[in-house]
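There are two complexes below, and they share chain A, which is joined by chain B in the first and by chain C in the second.
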Partner chain A sequence: MNNNQKKRNFQIEAFKHKVVVDPKYADKTWKILEHAIHEIYNHNASGLSFEELYRNAYNMVLHKFGEKLYSGLVSTMTFHLKEISKVIEAAQGGLFLEELNRKWADHNKALQMIRDILMYMDRTFIPSTHKTPVHELGLNLWRDNIIRSSKIQTRLLNTLLELILRERTGEVINRGLMRNIIKMLMDLGPSVYQEDFEKPFLEVSANFYRVESQQFIECCDCGDYLKKAERRLNEEIERVSHYLDAKSEAKITNVVEQEMIANHMLRLVHMENSGLVNMLLDDKYEDSGRMYSLFRRVSNGLSTIRDVMTSHIRETGKQLVTDPEKLKDPVEFVQCLLDEKDKYDKIISLAFSNDKTFQNALNSSFEFFINLNPRSPEFISLFVDDKLRKGLKGVSEEDIEIVLDKVMMLFRYLQEKDVFEKYYKQHLAKRLLSGKTVSDDAERSLIVKLKTECGYQFTSKLEGMFTDMKTSQDTMQGFYATHGSELGDGPTLVVQVLTTGSWPTQPSVTCNLPSEMSVLCEKFRSYYLGTHTGRRLSWQTNMGTADLKATFGKGQKHELNVSTYQMCVLVLFNNADRLSYKEIEQATEIPSSDLKRCLQSLACVKGKNVLRKEPMSKDIAEDDAFLVNEKFTSKFYKVKIGTVVAQKESEPEKQETRQRVEEDRKPQIEAAIVRIMKSRKVLDHNNIIAEVTKQLQSRFLANPSEIKKRIESLIEREFLERDNSDRRLYRYLA
Partner chain B sequence: MGIQNDRVRFNVGGKIFETTATTLAVAGRNSFFGAMFDENWNFQTENSHEFFIDRNPNCFSILIDLLRTGELFIPSNIPEKLLYREAQFYGLLDHVRAAKWGPFDGNQVRFSQAVMGQAPGDGTAIRAGPDGGCCVAHGSIVHVYDWMLQELPPINLDYQRVNDIGWIDAETVVAATSERLGRGRGGAALFGAATGELTHRFQVTHEDQVKSYTAGALSFSTDYKIFSSCKGRSNEYGIGVWDQITGQQIDFYYEPIGWSLGDADRLQWLDNTNCLLVATLFPRKDNCYISLLDFREKEHGLVMVRYRGSNHRREAGPRRDRYGREQFHLSRLMKGKMPDEPCYPKLALYDGQLFSSMNDSISVFSGPDWVLTSRLRRSYGGSICDFSIGGDRLFALHSEENVFDIWEAPPPPVT
Partner chain C sequence: MRKEDTVKLISAEGYEFIIDKKAAMVSQTIRNMLTSPGSFAETQHGEVTFPEISTVILEKICQYFLLVSPIRQYVLSRIWINPKAF
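Right after this comes the complex of A and B.
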């Protein structure tokens, strides 16, 4: 513009075209259009000619009267909207919204028609002058003259909020009308909807739910409260879908979540008699599932549930594993653990949608309390022993697998897996040697599971035991094939040759076998050593069994199935009627604890008392005397006389096992230290402890002070040395 | 619209036409016919079933034919401008525009027309707009043309020499100009394409002081940034960055010693990698640089890579401008025999086709092996100093005469 003005001085006036013929042309044309706009607003458009109006508007723009046309439009439309505003204001009570809605529809229609007439202006004049297009202009004028007029703005908002409140309290409102009005606000632009409606709506809603949640929480139990909260949440979502902007859904649900859930979360979870703990105790899947789905909507919601569940499981688990009643029966003990696990697995799958974090919490809780009881490894092994001895009879293969898998799951929680291994070996040995195992497949299946869990090393010895059993069978066949003829009808000997190291070794205390047996044993020894040179054979009489044929006083014949010790005792009575405890002990040289147990089972068990004790009492004393019970009867021909075995280990035995476990750990810890140091060469104390612990945790939890002792020992043996300058560093000596 | 009585009778400027409401519906709601047939308006057939329109009947017949067939045939006796005016009246200009030329394909384009300008030769740059128009920079003025090739008011920034131009959108052109010695101002600014009015000046602030500067090459990123090489008066050389929407300066990358960012002749935004390629050529000297500014690190921790070459080496870089088209520019500088007014070869990549200008022709290379498939040549106007593709058109600016050619693909055949 500056340039133009400067240059004007030098410019020769251009020849002027006479563009406008009639000086009043513009005014006249505008009058026609203004009249048309009045007629349109007065519902009187039927007499208007579209072509004429369009042409007039076109001509005005063409002849540079666009500005006049535009400003005329603004003032005419504003005039009509002010009139409309008065009509709406005058509407009484409930008719207010309906009037507003009707006028809005009228205005929209009028706006469309006006835009049709002024289409040319809209397309050419408006973009080049950066003015507001006709449609948008119409909306803006409606907003400023109607929606934000002082007499309508608050009334509209209050009416809308009042209707929503009424709907919340159960009344039926005209949702169609609501939808139209809300749609109008949205059409006027997101800021109108948000500022004039949404923001106050959210505030009012927050207040409403704050008060309501307070009422509910005072008078409802947790389950009912959650049901109500869920219903409110769904109502709001439904409301949004019916007549609010879809973008409001997240905002209003957020309000409900905050007021009804987040603010009362702890109180709900811990609610007396109906909180989460009660839901868990009573297996209320539906209620706890509802709690899960509601709490997951708020931050920290799930962690709150999880923490309460975790501490509850830990607490009940701790009670369970330390309950002296439960400790009496290992099978029952483990069964309780399994039941507990099943219970929570079911809760997590039914109520907590199999949430991984919940499963992890469950696992860590089990790991926590199972290891609180140092006897857990033993008990789990005993449970397996029980199942594999008798419990699985008549159970299908699949069910066996299920039981074994569950056992494996408990096994995984154990920190001292090597202790389990120890016990498992003992129990397996007993099962194998006494031929008590029910299913070879089940045994092997469990070994395969242990192998996949802990590696080849863990099970190699267990597998060795099975191999020994098989080899022994072959050896016995060989023995009888070569010596069968010379043995005549003496006693039959079955020997199981066990590899030292594979089997749980017990200090072998040999007893005096009856002479006919020891002869046979010698024959086997010379046969075996003849075929396998360079081996040593020692008898483990404490682990054997024997079948005896016995005839009692009145001629009752029975076959007695007894242990080797029992056999030794009973055979003594072939040559004597009455023997004192001392005499028996001298003759057999059975260790006294074993002998007592063995005599107890022969004389004190009702129905199986093939011996008679004087005096009659439950326990065996040093000066007792024993006689054959001539009156022994049994409805079975075969009588199995069990040893009175302490199924659980006695206290000293337990100490012994523990000691052996500790002893076995030493080389493993040392091996781990050497492995680590070999690769790292130099490492400080804390890191060694950490790495050793990590390496060994699949087998047991290494004790730091024990690791320290092992390091000392390795330094003594010059595998490692301390660094000269930094005493905390260890160096590997190749 | 009455389906039963589909026939419509018009009297246009005294000539009777008959057509159907169905044909008129093709015009769309946002047109004269669309509004006329809306139920709001009582469609009157008062005078013997005739509807009078006070317009040119010859153009009406062309436009009604366009609505009937989708094809545009303009008889030689009708000036295009007349037809465009009539189409504008009915709100059918978009239909005309769509029927005039088809989707761009370098192997299908035909020469459409040449436009003569008043300015002397020696154009600086030509840039195709997104809707078929273009702008041409000559010295200190930019001529803007709409898609009908009607010249709009020209653009100038205090008549400072224009170094580069570009389209922000169909309504907005940005021009980068030199600072006038001793007078200040210059720099880059936004103009309304239709009005030629200055709408915004991009300012450069150094240490809280607004400084005048010379804006060189321009580039645009898809996240609405504008980059320009800048030369300030007190050695404030570097790359300025502005926001296209707010117009505010976002950043300024000062050139490190020896990097010549402020002198850059070409900037290219590499969209996929968030990098800016800066090419600086010193035609009289024996070296040129390509620098890569890595914007992946949001902060000033900007990684820069630099390639250096002598003048006979190639200098290249792909770019995607804000309309999503890949473009590729390359200059091969001829060592030794440097003409006084060199027309560097230019490259552009469009929709998988590579375009390369050399002397008075543009070669089109297609396919994965970039085989030469077409050559666009016009003997008139001398060698091509710049060309640009956009709005489904190719504009080529000649250096000797002030004339630019428009190449466009024919509309797809009506089946």
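Right after this comes the complex of A and C.
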């Protein structure tokens, strides 16, 4: 193959255009095009040939007459638009918008046809001369000659605004027409839409809502006002979706929020009889939920609600904890606290969509007022005690867990957790010893929860108490296994051996047990010390119980469940019919206050009076005499007398407990100080106070002056020393 | 082929080339002509006249359309250009 030869034979030359000679060529060509544009605007385009017009425009541009073509286009279009403007201006009333809409559609169609014909110019001439493309040119001319014409501009705006106003007052307007007109403004450019419509629209809307909100707030209550505001807001959003630019949504909703909500926020929240506080009190979930979702939209809205709620909760809480009526019954008191918490939890979850900041506000408020009452730890412990004794009887396991979890939640709010510990220990001891707990599992479950919350140290003694109970059971089994045969018909003894450190300390008291009992007790003592050398046992007669079988005058038999003291007293009557107070006191050697209480419960309580007292007064006097009440009757075979129930402490008892707590705190503070100083070596006064407080926070709130005293004490004992140059600085001495 | 699917391209000498619309649409200009919103003569009758394009050229143009258009199955495998035709 001879490639070179082929190449030489075949060449492609550039296409040469015919040279135009006619000088009037441009004018003639333009005339044709001008005529065509006229026809297009007059809806007469059907006769025209696209190809011819296209070719003519092409030729003009090609022969460097693009400028003439372009300026001709501008002037022709402008002429037509001015004609159209007059027609629109002439339209009356409601037809104004319709006419505008129609002419706009016509213009668009014409513009597209013109652009198609002049496509070549659009593609070549215009980019190189940086002129506006045909389509854009058409829009600009429309904008300048129609929309911004003096006669039309304001009239258009006013018409639009008036229609919107009418719609706001409930009339139905032609939304399709509105949509087309607004779309026209949008097509003309974002600045046209914003300047010629949006800005004035927002202003007018602001005024409208300002006036309306003022009217509403004078005559509506809070709930109604919020409903109206919500409705208006939704209305505006819907309006935007139907015929406005989507970008306007944020702006108009902002206007509504500002005028209807933000400006009246405080007034709404504090409105009498219908404001936030009333909503909270009456559990108005829908109304408060609405308030939440509306206020959320404005700045500071939610914090306003939150602040009002917080101060209200604190106020009611404070009243609750200082109300003497409520404080009479601790269980009632704690139940009220739990009810309040439940109420607000429900409100926050239903109305405030579980907002975390609201939860936190609730928690801090509860923490605040629960600790206003120094007896709160005691009362909470009493509540638990009541539940574990009888309140949770027959309740399913899950429900028990729910109640215990609620108690734990209250526990967390306490600042003085060590006070709670003390009371809890006391009450637990009483429960265990009298065997009065509803469910062992529930007890243990609560201990576990406390351990998780506060650590091992908190619950180690409590667990020790449980262990003691179990061990005692085993010990008893062992005792009866070895000695069972010789004890035979005698009274049955059940002993619980308590490790001194774990159980709340009680001063040991004197009490003369009846002979049968003391013999038995000694036998046990020797058995026990036989297996555990090096230990010391002392009988806690003030904590025991006894079951006695008694036969009364008419032969009625009953089983009496009494305390140890009461047993000692009653057994005396086996050998005597009548005894005076002094005789009883001498025989039993029970301290007088306890003895008086014990005799009162045996003789003065209706339905439980197994003894008769002479005289029949309520109080026990030194020379009262006691007899067995032969006429004693009871519906039940088993009669319980004088159980040792945990009660709210009396004043002196309270003082005592408080003192003990303070005493216990001292070593804890000292331990914390030493720990801190050991690691830091040198630290100044303020920092020590801050660190110590932080470390002890989980148990109690440490008092700075108490900390100072402890530091002084440690300095005396040479654990710390003061720095020679700076009096505020302390140093650790190894 | 149905009538609606075709256009008629008429050369300067009056020769009529009937080709598939999709093929003709390859040209942006013809596409604009046929889809213009106005009621131009072309859209109404489905014919486009090219008084300045000769038959030979128009034939080549049609072949080009068919070659590059999506409906290649109707296409000739080659375009033969005879330089003496110009």
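Simple rule for what comes next: the second predicted complex is superposed on the first by the 707 of 734 C-alpha atoms of A that agree within 3 Å, B and C clash if a C-alpha of one lies under 4 Å from a C-alpha of the other, contacts with A are read in each partner's own complex, and residues count from 1 in each chain.
Please note the rule applied: contacts are C-beta pairs under 8 Å (C-beta built on N, C-alpha and C of every residue); 3 or more make two chains touch, one makes a residue touch a chain.
From a predicted model like this one, the values you see are computed outputs, not experimental measurements.
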When chain B and chain C are modelled together on chain A, clash or fit: clash
Touched partner set for A:P127, first chain B, second chain C, both or neither: first
First, second, both or neither for A:G530, with chain B first and chain C second: neither
First, second, both or neither for A:P324, with chain B first and chain C second: neither
Set of chain A residues, in rising order, touched by both chain B and chain C: 45-46, 48-51, 54-55, 109, 112-113, 116, 119
Chain C-touching residues of chain A, taken from the complex the two chains share: 10, 40, 45-52, 54-55, 109-110, 112-113, 116, 119
Residue numbers on chain B that touch chain A, as the complex places them: 30-32, 35-36, 38, 40-42, 44, 51-54, 88-89, 91, 171, 194-195
For the chain C and chain A complex, residues of the former touching the latter: 28-29, 32-33, 36-44, 48-52, 83
Of all residues in chain A, those that touch chain B in their complex: 45-46, 48-51, 54-55, 58, 109, 112-113, 116-117, 119-120, 123-124, 127-128
